[in-house]
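In what follows, chain A forms one complex with chain B and a second complex with chain C.
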Partner chain A sequence: MKKLLITSIIFAFVLAVPAHAEQLVVVVNKNNPIEKMNHSEVIDLFMGKYVVFPDGNKATPVELNNKSEIKKAFYSELVGMSLARINAYWSRLKFTGRARAAIEQPNQESLLTYMSNDTSAISYLPRSQVTANLKVVYELNE
Partner chain B sequence: MKIRTIFITLYAVLLSAPLLAQNQNIKFSGFGTLGVIYSDSDLYGYRKDVGSQDGAFSGSLDFKTDSLLGLQVDAAISDDIDFIGQTILKEVTKPSFDRFLTLAFIRYQASPQWTFRIGRTAPDLFLLTEFRDVDFAYTWATPPNEVYGIIPYRSIDGADVTYTHRLNNGTLKTKLFTGMADAEISSKSVTETIKIKDVLGLSLSYDKFNWALNANFSQVTFANEANSNKAIATQVALMPEFIWPNSIATSEELLIKGAKSNYASVSGRYDWDNWRFTAEFSRIDAKVKLIPTISSMYAGLTYQHDEHSFFMLYSSTSSNAFDISDDNVNIALIPELYMAFTDAVNFYASNQDTSSIGWRWNLSNNIASTLQFNVTNINEHGGTLWVKKAQDSSAETVHTTMFNVSFVF
Partner chain C sequence: MNKSGLVLRLAIVIIFTAAAVGLISTQLFYSINYKNNLADGYQSIEQLHKTVSATASIATYLEDSELANEVINGLTSNDIINGAAINTSKLNISSKGYTDNENVVSFRLFSPFEQDREVGRLSIMPNLTHIRDQADAISFDNAVALTIEVTIISIITILVAFFVITRPILGIGKSLHNTVPGTDQRIKTPENHQQSELGVLVNDINKLLEKTEEQFFNERSLRNEVEVLENRFRMLFENATNPIALVESSGNILLYNQSFRELLTKLGLPLKKSYGPYLQDLFADKKLLALTVKSAFSNEEVATGEFELKAKNSDKSFWVQAVITATVSKDFKEYNQVTLHDISKRKQQIDRLSHKANYDKLTQLFNRQAAEYQLTQLINDGTPFAIILLDLNGFKPINDIYGHDAGDEILTHVASQIVKSLRKEDIASRWGGDEFVVVLPNVTSNEDIKGICKKLKQHIEKQHYLSNANKSVSVGASMGVAAFPDDQTTLEALIRSADQAMYRAKTKKSAEHYVSFSDEDTPSEQD
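Presenting the complex of A and B:
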């Protein structure tokens, strides 16, 4: 009985841990020649400052929409900003036509499909969701 | 007129875009502000820039000055080429199709480093001039009037090229732009359209995320003459020597067509822990007596805690007022002409400073409210940035309270 209770508590705890508590990783298409990126390169790319891979090739950031907990966790860990502040920042770029915003996907499945079909795509995921078609180039909180 | 036709065509694309809304390459978005302002002066009415003919005076709440709605369409024509159109609906002195169309340009990204744009873009004269109407984009209720209130231009018709590259773990952007623009400049009784051409500008920015430096420099040529100034100049030129010595030479100083004006700005931002420091110094230097050298600045400190930002801001502007008392003019014989002349030559002579405190609260990911309280000390003859209700230019301290809800979608 005691064993069952402990198991139940552990199980409940695991269920209570939100998906974004898992380590997030930045991924590219497996055919992209880039192997590794550093923190400032990832910031530049997702903050629209310099949307380029380290080898000079064009990058296409892809992400889930504003409702995503993963997106919220990603920007919090990457630059320490809430989504409201990220949106304020992007409104400067977007409404002046300075930069193209990341391509939004409605769900994880479509994001994975997009990533698998475009070698210039770059996105972020919980580590457990990385598929064989993707390659990890940066780990948050590494 | 040809360029107007181009923009009308581009705007038609913008308007017809909803028909293509199912196309995933076309995206619609927007921004807006619902704002209310209370200011306590009977003489000086608060306005956001010198283009507005109406202001917020004592005794009533003003909802028009700060409220607007912006709509934008982004249409990807190919991987490298897209069209951006934007309209901002708000109170303007001379409403027209041209004034409501704020962006309409084609962008071509030749490489990750090089971007070319042609059409109607936002002017990059100072740090915030490109997005001054997007209130959701910055912490304050509005950009400091001391620096931005003197600039009425919202768009520039022309082209620009931007080169971006990484340098020492930061990004360096160099932008060259050229074009022409026009906008209204208003007093309570007169509105004039000012046109500038041969705009040539350079914008440099270096960004290391937790700090950034920007420098902007532009030169413009005035392309027309204000009718009211022409009328005064004609009357001054007719004055005999015993009333107005050197009247012809003085009258010519009222004319600005063909004269050049320089806009320069240096700004910086530094973030540490929950704090942000921002400052900008600007200078407008025209080669005509009518427009004095205007030196302006602001410095602000913001403390951010979760979705709340508490800020304080100090801004000032100063310029030399035009003084004709040394010219031995017999003022007693021509009091009305003298007053009109003085008003005209001192129109741009803004002299004031403002201390502000405020609070921004991000109500959701896309909506924020901002409350700001300003105390402005206006020097005698220094109230250019305000709408004056009477022919009185005395010094005054004005208290202005602004509350707005800004949003993006």
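Presenting the complex of A and C:
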């Protein structure tokens, strides 16, 4: 009984912690010619400044929906802002009609599928979930 | 209104000071206000910048001209902003009327996601005109308020100064101006000033007036005393029977009394400013007076003496006893007091007495005593002279027949005849009875003497009409001559010689031998 409890606590930690603690990486379709991106280039794409990769190819940012812990962690690590502030930023831009937010995917599977099918796609994942179809172009700092 | 009046002066000073202070403070206030407004303006701009900085950052980050325009429009809607501009590497958006000048405030815009990534600039042009207008408006209001305040304070100050200080002072001044010192007039203390400095001033003035009155009173009574004293002295001086004069050492007459004036009138002299030192010009013998005064003064004595005065139009002689004193006044000036005492009457009496003593009462010739005195004088002086002793012939019968009065008449007649025959300097005297002695000073020649004797004889022998007896008679004369110092050197010897010579002539009883000389040997000899 006691053993089971300890095990379940450890399991819970194993399940819960990795989602936060694990390093996030920015990935693109493996067929995308871009190899590496820097911090600013990542920000410029995800915050709507540019719609193309530095090499001039079209870029389509993709991400999970708002509730995603990964999304929260990503923006926090990328620009140090909460999701609420990120949303406020986008809502302000909506009036100008110019910028657009990343395409949202309901779950991990659909995201991975989208990524595998669109060479212009760019998204972020915990390092452990990177598949063979994807290419890591930027690693967010721990 | 008086140009240098207190109120006017005070008002001018207050008005000018108020104007100056108002002007300076308005200027100062304006300058401070403008600076403050400017600072406020810049602060507002800063705040506005902060307000729009998030949006501006996004706009510049995204280089979104729409958003940038929105920001600029938002900014320029403020009064204090004239224009604004957002510049990035690609975007240059500015409002209408924006010019890049030194007043423009520039802010660096950073990426909203990367704090150290500069993405553009926001430039804001402050509306200086608006700021200045605002400052002007505030300053104007302030100036108006200040002017009103200063005016009110000035008016109140002037009014207070006038009613509390100037008017009471003017009142005191006017009152003092109309006050005659030495009277019982006093100055009234102005209302509500009993305890103030003005009250004290009035009190002090009144004390001064009181003291002045007292002093005036004392002086007046003192003056009265002096006047009374002076009148008494004047009375004493003016009514003195003796002429008195106070004379400066130079001779100027300072003071004289009524008697002195009368004396001058008597002397027939005008009232002059000066009659020389100690009035010496009034005296007949100036030298004698000067000598007397000098010797007395050198012995520090009062000079006194009897002197004759110089009478101008009168043959009467004035004699005075003069008392001359020297006095030195407090300021070391020398004065002479001359007091005269009229002794003319006494002098005349003395003269009369001396005349009686020396003259024969009947003939008015020198009597024997006087003649002897004169002769002694001549002898003592060593003056040569001749004497003629004259004895009448035929006098005794006239005296016996017609009486003593007739005799006296004859003697008087003879005496006048003798005087007629002589020079002025010759001396005629009645020696006694019907004997006369004639003295001829400085006559030495026998010829001259004989001439005189002849003249004498002729005169004496003239007929004389006796009115009482109604008869003309005549007498003769025998004369004996003696000379000094040729014949004799003493009076007795001279008289004796002359007497003997006369007897010799008498014994002849001849008309030719009526005179004999004492040095003749023979009595009969005659020339």
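In this text, the second predicted complex is superposed on the first by the 124 of 142 C-alpha atoms of A that agree within 3 Å, B and C clash if a C-alpha of one lies under 4 Å from a C-alpha of the other, contacts with A are read in each partner's own complex, and residues count from 1 in each chain.
The working rule: a residue touches a chain if its C-beta (ideal position, glycine included) is under 8 Å from a C-beta of that chain, and two chains touch if they have at least 3 such contacts.
In this text the structure is predicted, and so the values were computed from the model without any measurement.
Visitor: Please determine, from the superposition on chain A, whether chain B and chain C clash or fit.
Guide: clash
Visitor: Which partner chains sit in contact with A:Asn117 here, chain B, chain C, both or neither? Use first/second/both/neither.
Guide: neither
Visitor: When the two structures are overlaid on chain A, which partner does A:Asn31 contact: first (chain B), second (chain C), both, or neither?
Guide: A:Asn31 contacts neither chain B nor chain C.
Visitor: After superposition on the shared chain, which partner residues are touched by A:Asn65: those of chain B (first), chain C (second), both, or neither?
Guide: A:Asn65 sits against neither chain B nor chain C.
Visitor: By residue count, is chain A touched more by chain B or by chain C?
Guide: B
Visitor: Can A:Ser40 be said to touch chain B (first), chain C (second), both, or neither?
Guide: both
Visitor: If you stack the two complexes on chain A, which partner ends up touching A:Thr96: first (chain B), second (chain C), both, or neither?
Guide: A:Thr96: touches chain B and chain C.
Visitor: Looking at the overlay, does A:Val79 come into contact with chain B only (first), chain C only (second), both, or neither?
Guide: Both partners, chain B and chain C.
Visitor: Answer with first, second, both or neither: which of chain B and chain C does A:Asn107 touch in the superposed model?
Guide: Once the two structures are laid over each other on A, A:Asn107 reaches no partner at all.
Visitor: If you stack the two complexes on chain A, which partner ends up touching A:Val51: first (chain B), second (chain C), both, or neither?
Guide: A:Val51 sits against chain B, while chain C stays out of touch.
Visitor: Where on chain A do the contacts from chain B and from chain C line up?
Guide: Residues common to the chain A contacts of chain C and of chain B are 40, 43, 47, 49, 79, 89, 92, 96, 98, listed in rising order.
Visitor: Would you tell me which residues of chain C are touching chain A in their complex?
Guide: Listed in rising order, the residues are 55, 58, 61-64, 66-67, 111-114, 117.
Visitor: State the interface residues of chain A toward chain C in the complex, per the touch definition above.
Guide: Result: residues 39-40, 43, 47-49, 78-81, 89, 92-93, 96, 98-99 of chain A touch chain C.
Visitor: What residues of chain B sit close enough to touch chain A in their complex?
Guide: Residues of chain B touching chain A: 29, 31, 70, 72, 74, 82, 84, 86, 103, 105, 107, 109, 111-113, 117, 121-122, 130-131, 134, 136-138, 164-166, 169-171, 207-209, 304, 306-307, 362, 364-366, 368, 408.
Visitor: Quick one: in the complex, what on chain A touches chain B?
Guide: By the definition above, chain A touches chain B via 40-41, 43-44, 47, 49-52, 56-59, 66, 79, 82-85, 87-89, 91-92, 94-98, 100.
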